[in-house]
Amino acid sequence: MKMKLLLAGLLTSVTLVGGAAQAAELSIVSGDTGSGLAFLRSQLDRFEADTGHTVTVVPMPSSTTDQFGQYRLWLAAGNSDIDVYQTDVIWAPQLADQFLDLSEAAADVVGNHFPSIIESQTVDGKLVALPAFTDAPALYYRTDLLEKHGKSVPETWAELETTAMEIMEAERAEGNSEIWGFVFQGNAYEGLTCDALEWVMSNGGGQIVEPDGTISINNDQAAAAIDRAAGWVGTIAPEGVLAYMEEESRGVWQLGNAVFMRNWPYAYALGNGDDSAVKGKFDVAPLPAGDGEGARSAATLGGWNVAVSKYSPDPEAAIELAKFLASEEVQKERAIQQSNLPTIPSLYEDADVLEASPFMENWKAIFEQAVPRPSAPTKTDYNEVSSLFWSAVHDTLSGNGSAAENLEILEADLQDLKGDAW
Amino acid sequence: MGATFDYWKLTKTVLFYALVLVIVVVSVFPFYYAILTSLKSGTDLFRVTYWPTSISFDNFRQVFSQGAFPRNLLNSVFVASVTVILALFLAVTASFALSRVRFRGRGLLLMTILAVSMFPQIAVLAGLFEVIRFLGIYNTPWALIFAYTIFTLPFTVWVLTTFMRDLPVEIEEAAIVDGATPWVIITQVFMPLMWPALVTTGLLAFIAAWNEFLFALTFTVSNETRTVPVAIALLSGGSQYEIPWGIIMAASVVVTVPLVALVLVFQRKIVSGLTAGGVKG
Amino acid sequence: MATDAMAPVGTAATPKIRSELMLQRVRAARWFLVPMMIALAIVAGWPLTRSIWFSFTDATLNDLYGAEWVGFGNYLRWQVLESGTVRYRGVLADPDWWNAVWNTVRFAFWSVLWETVLGMIVALVLNAEFRGRGIVRAAILIPWAIPTIVSARMWGWMLNDQFGIINDLGMKLGLLSAPVAWTASADTAMTAVLIVDIWKTTPFMALLILAGLQMIPKDIYEAADIDGVHPVKQFFRITLPLVRPALMVAIIFRVLDALRIFDLIYVLTPNSRSTKTMSVLAQENLFQFNNFAEGSTQSTLLFLLIAIFTILYIWIGKVNFEGGDR
Amino acid sequence: MASIELRNIRKSFGAVNVIKGVDLEVRKGEFMVFVGPSGCGKSTLLRLISGLEDITSGEMLFDGKVVNALTPSKRGIAMVFQSYALYPHMTVYENMAFGLKLEKGNSKEAIRERVEKAADMLQIRQYLDRLPKQLSGGQRQRVAIGRAITRDPKVFLFDEPLSNLDAALRVATRIEIAKLHEGMHDVTMIYVTHDQVEAMTLADRICVLRDGLVEQVGTPMELYEKPDSIFVAGFIGSPKMNFLTGEKAEAFKCATLGVRGEHMLVKPDGIWEGEVIHTENLGADTYVYLEMGQEEPIVVRLEGAMQHPSGSKLRVSPMEDRVHRFDEAGKPIR
């Protein structure tokens, strides 16, 4: 009975849609979260209504490593079941061979986005993904504690160190034995690459591999930056920070046990939740700068993009969908409903957006300091480059060798990996 | 004399129950902690407690409202059951041949079967993916049932072969004299004798299939065909980096309870010692 | 499968009338084995062959079908520099690989050792008659019943230095002086992984041993009791020899599993050098890095290593392929 | 109901020859006992007859038809195993009915009737609903026999059925089996044992096996009175026959002289003198062991309870007409 109804429904929908020009059935794979998926669905419903295409969402686990492995396997096997992929900023260059070049199709809108983001998704002149939203970390600080101890928001890492130490010691002396100065992401994983890239970049130490492909990591400023971070472990940061990812840092922070935290925007809303111990007691600022030559605040570029599979049976409709998801209209909705940072500069001044997510104003400054990870120049080797880098940094943080020693080895390893060219 | 004996016996009993208690506590504590966590929400999750402070079933409600969890549960039951039935069926007959019929190359065959279990699962993923697409069972429960034989079958064959080898020869001969064919011997004589082994291997294989993640993630792409471990991995918090601990724990509790029930149902079989009586080795 | 492999042993000498019974049994054996072998050939044969083949090519996941044959290059290759020094490359010359081998072997040894000992104790306890045995039996299976991806995360949470209950408990009981970041520190990461794995897999061992114990006739113990054999002696003289076949098989499968350990480490300590095992390394190369061929090579080497181990184990442990038949 | 003929039957396991060419005829309705020391191949021979074991060469005929290739069930045999081999998960009734259920064409009622008939014969009717583990050893053995009876076999095979029972039960069950045979006149029975008492008491004819070959076939009295070899002479009869060599044998013009204990007479003018080393008093008779310079002590069986203190001297003579004389090859001189 049910089957019959279903069939009847199917038939009518086919006849209805049959009239529209080449209605396609598309699939988009997304590792987004619950509310993110709901948002995606609502946008897709609009897209379906506008175009007559139908779109199925294939949800994926939120672990990015799981997602990446799966996408790679599917693409390698030429899986035509998925048309559009939601990709992390660092993926598109690695999967460039399997994605369609969108530069022509998106020529009309490319100019609207931040050029640095477009740059990060361009491999050998090929635009492999369109940006859907972006992400950049900030320094979270406790307004109440800073005020109580008469400190200002640190602008350099050195300031952060002293401020954190002083407040921590003072608070501990008052019996708050669980307090720490600073928490970040110190586990050996992609997040450490982000954190460490900020330390190095903000200290004028380059971006590991420069856009032209040169390996720049083995320099004194980079080494100094990492050595300094190594000094935090066990002093202003707990030993366990070596195993922290985003959630662990947020956990410590949200219990009110840290003065400073480096984290992504998601922690902002959660930190202001009703059961949070730090509700209304914190604010964000750009990450501190280093003190070497060319030192400036730096924030690693995150964010998600949409790419179209080479194996899509209906590439035109798929491109249409990708463009739709990257459009200003959807990005605005996203900023309002999901508090995701848009990749279109004009939206940061949009009244509706600012009304819904006033904190975005803070992020504009942060975003201006954003640095991409070297995924574009290192192409398919990026994951391995990143792994080598975070391993070297993690070794240094755990006290296995000095930064200078580890970076020297890293440079040699990267050179081996690079060969003649990336 | 009598007094010391009783004293010794008491000590032994006390020590024995202490051991039982330790075993139970160590086994169950993390699960208890999971239940505890599943009843918490928000910042409470980050606070260590040993007893429930406040009880909220929000997480459980979330589990059943996100995605298609009841459906996933059903898929898991189906996939794991069919996998086990299939594996036991193939393994019982095969292990009869391997343990009771003398033929050349038997040792080699057993080794070959074992060799299947020696390859890292992660490495067969790509090849298996091709086979499954070739067979046209991609994104169906059959893909998983098919893929899971790679780890359930060698295991069940080996364990059942070992157990069947230990069954007394004379029982089988009595059956032959009674006119039983190999099939009758297996189904009517051996299988009832091997209940403990069958239930045990079946249970272990069931749990292995129930808990498998990697294949399930790779070979299914829709919420309607996915199994519980994938569904749990799909449970998500409000944003990318947020891990919804409470919900994950609630889901784990929901997933584990049927298994515990299964064990309780079958546990009599596990120990139905049929050893005393007619069988003598 | 060659048909003559099925011929009963000892037929070589004189031609004779084969009895219907033997024919029936051999025929049945063939029919019983064929479905299993077909199933295994499809589900394992092709993927295994593919993986081994890839290990001799330069395949990457971006270009799986255009892979070219490179012989043993992925295993070991060398290059003589102008100065005369020889540079070795390939998996066998990769210190990361040998580190992973060492981690894997270490992990397998300790985990299986502990699981066997604890599994035996648990099985003996469960084999005894006592009130509430059914509940206890169900309770000990819980660790095995929780999906690995969940239990690994759960333990990761419990082992956390700030809000983990293990540290809290350790501090409260006075076992720890300061919270330990179990999964973070290189010194404790392996211990943490071992704890979780032993916790999780001991039920598997215990249940298989229990099944073996169940098949031991009770009158043997009664006889031993009458003879006044000490319980400890009973264990070593009666129990152990009689559960040996079941135990040996349980150990084989546990070792094979332990040598291939992946998901637990992948979730708990994915990038720690001190716990990175062969499978984790292979996975990284296969799917995360662009080194599909190298990952295949590592998988093949892992396979070889396990095969060698198994042959040694069967040879040294004198695992019996014979007996029980007629 | 069947005569069995074995023609040059051989059996080898790999390179080991267990049965080395056996020719034997078992008549219809006969109770034949295979007896011999362990390892003589008697059980193997039984299993060859049953069809459980493949015949390596030679021919096996049931009622004149070659049955080498037939399965046990098609040969119409039933077998009682040493360990009873009852199906532990089935009740006594199910155990007994199993074979009948597997045969096609037996109605439920017919099966019940046959099972109950057999059960009545063995007085196990009240146990039909029990599991084997709820029965004593003797009861289990009866069930095993009952299972065999139910199948209404042409040939009844017993593989050391009493060796797992204690002495008292053994005698009782032995009588049971003897009665059974009387009640089933037309059924051929073959019984394997290593116990010559069982063989003597049960058999119509005994087949003594040694090392895979038939040593002698004959009625118990034939074997007792006219053994064909030293081996048979020594194996049959209790106490074991005394063997004397050397001068004492030469006096009787043979290599070995065999005298049974019961054929020795204690007389003051006995031709042999020996020293008493041990006396076994069995109540009805007494065994006196004498040291006479032979390899083994010489047994003398005396009726009634007698006292002969160890160390005392005793003179004995054999009954002249009951001595067995053997040549160098161990064959009897008649």
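Residue numbering begins at 1 within each chain, and the chains themselves are lettered A, B, C and D in the order written.
The rule is short, and it goes like this: a residue touches a chain if its C-beta (ideal position, glycine included) is under 8 Å from a C-beta of that chain, and two chains touch if they have at least 3 such contacts.
In UniProt terms the chains read B = ABC transporter permease subunit; D = ATP-binding cassette domain-containing protein.
Note that the structure is predicted; figures quoted are calculated from it, not measured.
Enquirer: Let me spell it out: compute each chain's centre from its C-alpha atoms, then which one is farthest from chain C's centre?
Expert: Chain D.
Enquirer: Rounded to the nearest whole Å, what is the centre-to-centre distance of chain A and chain D, using the mean of the C-alpha atoms as each centre?
Expert: 89
Enquirer: Which whole number of Å gives the spacing of the CA centres of chain A and chain C?
Expert: 37
Enquirer: Distance between chain B and chain D based on Cα centroids, please, to the nearest Å.
Expert: Chain centres of chain B and chain D, defined by C-alpha means, are spaced 53 Å apart.
Enquirer: With centres defined as the mean C-alpha position, give me the chain B-chain C separation in Å.
Expert: Measuring from centre to centre gives 16 Å for this pair.
Enquirer: What residues in chain A touch two or more of the other chains?
Expert: 73, 76-77, 251-252, 255
Enquirer: Where in chain C do residues touch two or more of the other chains?
Expert: 8-9, 21, 24, 64, 162-163, 283, 287, 292, 326 - these are the residues of chain C that touch more than one other chain.
Enquirer: For chain B, write out the residues touching at least two other chains, lowest number first.
Expert: As it turns out, chain B has residues touching two or more other chains at 45-47, 125-126, 130, 173, 176, 233, 243, 275-276, 279-280.
Enquirer: Name the touching chain pairs, would you?
Expert: The set of touching chain pairs is A-B, A-C, B-C, B-D, C-D.
Enquirer: Please give the residue numbers of chain C that touch chain D in the complex, ascending.
Expert: 8-10, 13-14, 16-22, 24, 326
Enquirer: In the complex formed with chain A, which residues of chain C make contact?
Expert: Going through chain C, the ones touching chain A are 60-64, 160-163, 179, 181-186, 269-273, 283-284, 287-292.
Enquirer: Which residues of chain B touch chain A in their complex?
Expert: 41-47, 66-67, 125-126, 129-130, 133, 138-139, 217-218, 221-223, 230, 233-243
Enquirer: Going by the contact rule at the top, pick out the chain A residues touching chain B in the complex.
Expert: Against chain B, the touching part of chain A is residues 27, 29, 32-36, 56, 58-63, 66, 70, 73, 76-77, 79, 81-82, 135, 245-247, 250-252, 254-255, 263-264, 266-267, 269-270, 273-277.
Enquirer: Please give the residue numbers of chain C that touch chain B in the complex, ascending.
Expert: 4-9, 21, 24-26, 28-33, 35-36, 39-40, 42-44, 46-51, 54, 64, 121-122, 125, 127-128, 130, 134-151, 153-155, 157-158, 162-165, 168, 199, 203-204, 207-208, 210-211, 214-219, 245-246, 248-250, 252-253, 256, 260, 262-263, 278-279, 282-283, 286-287, 292, 295-296, 299-300, 302-303, 306-307, 310-311, 314, 320-326
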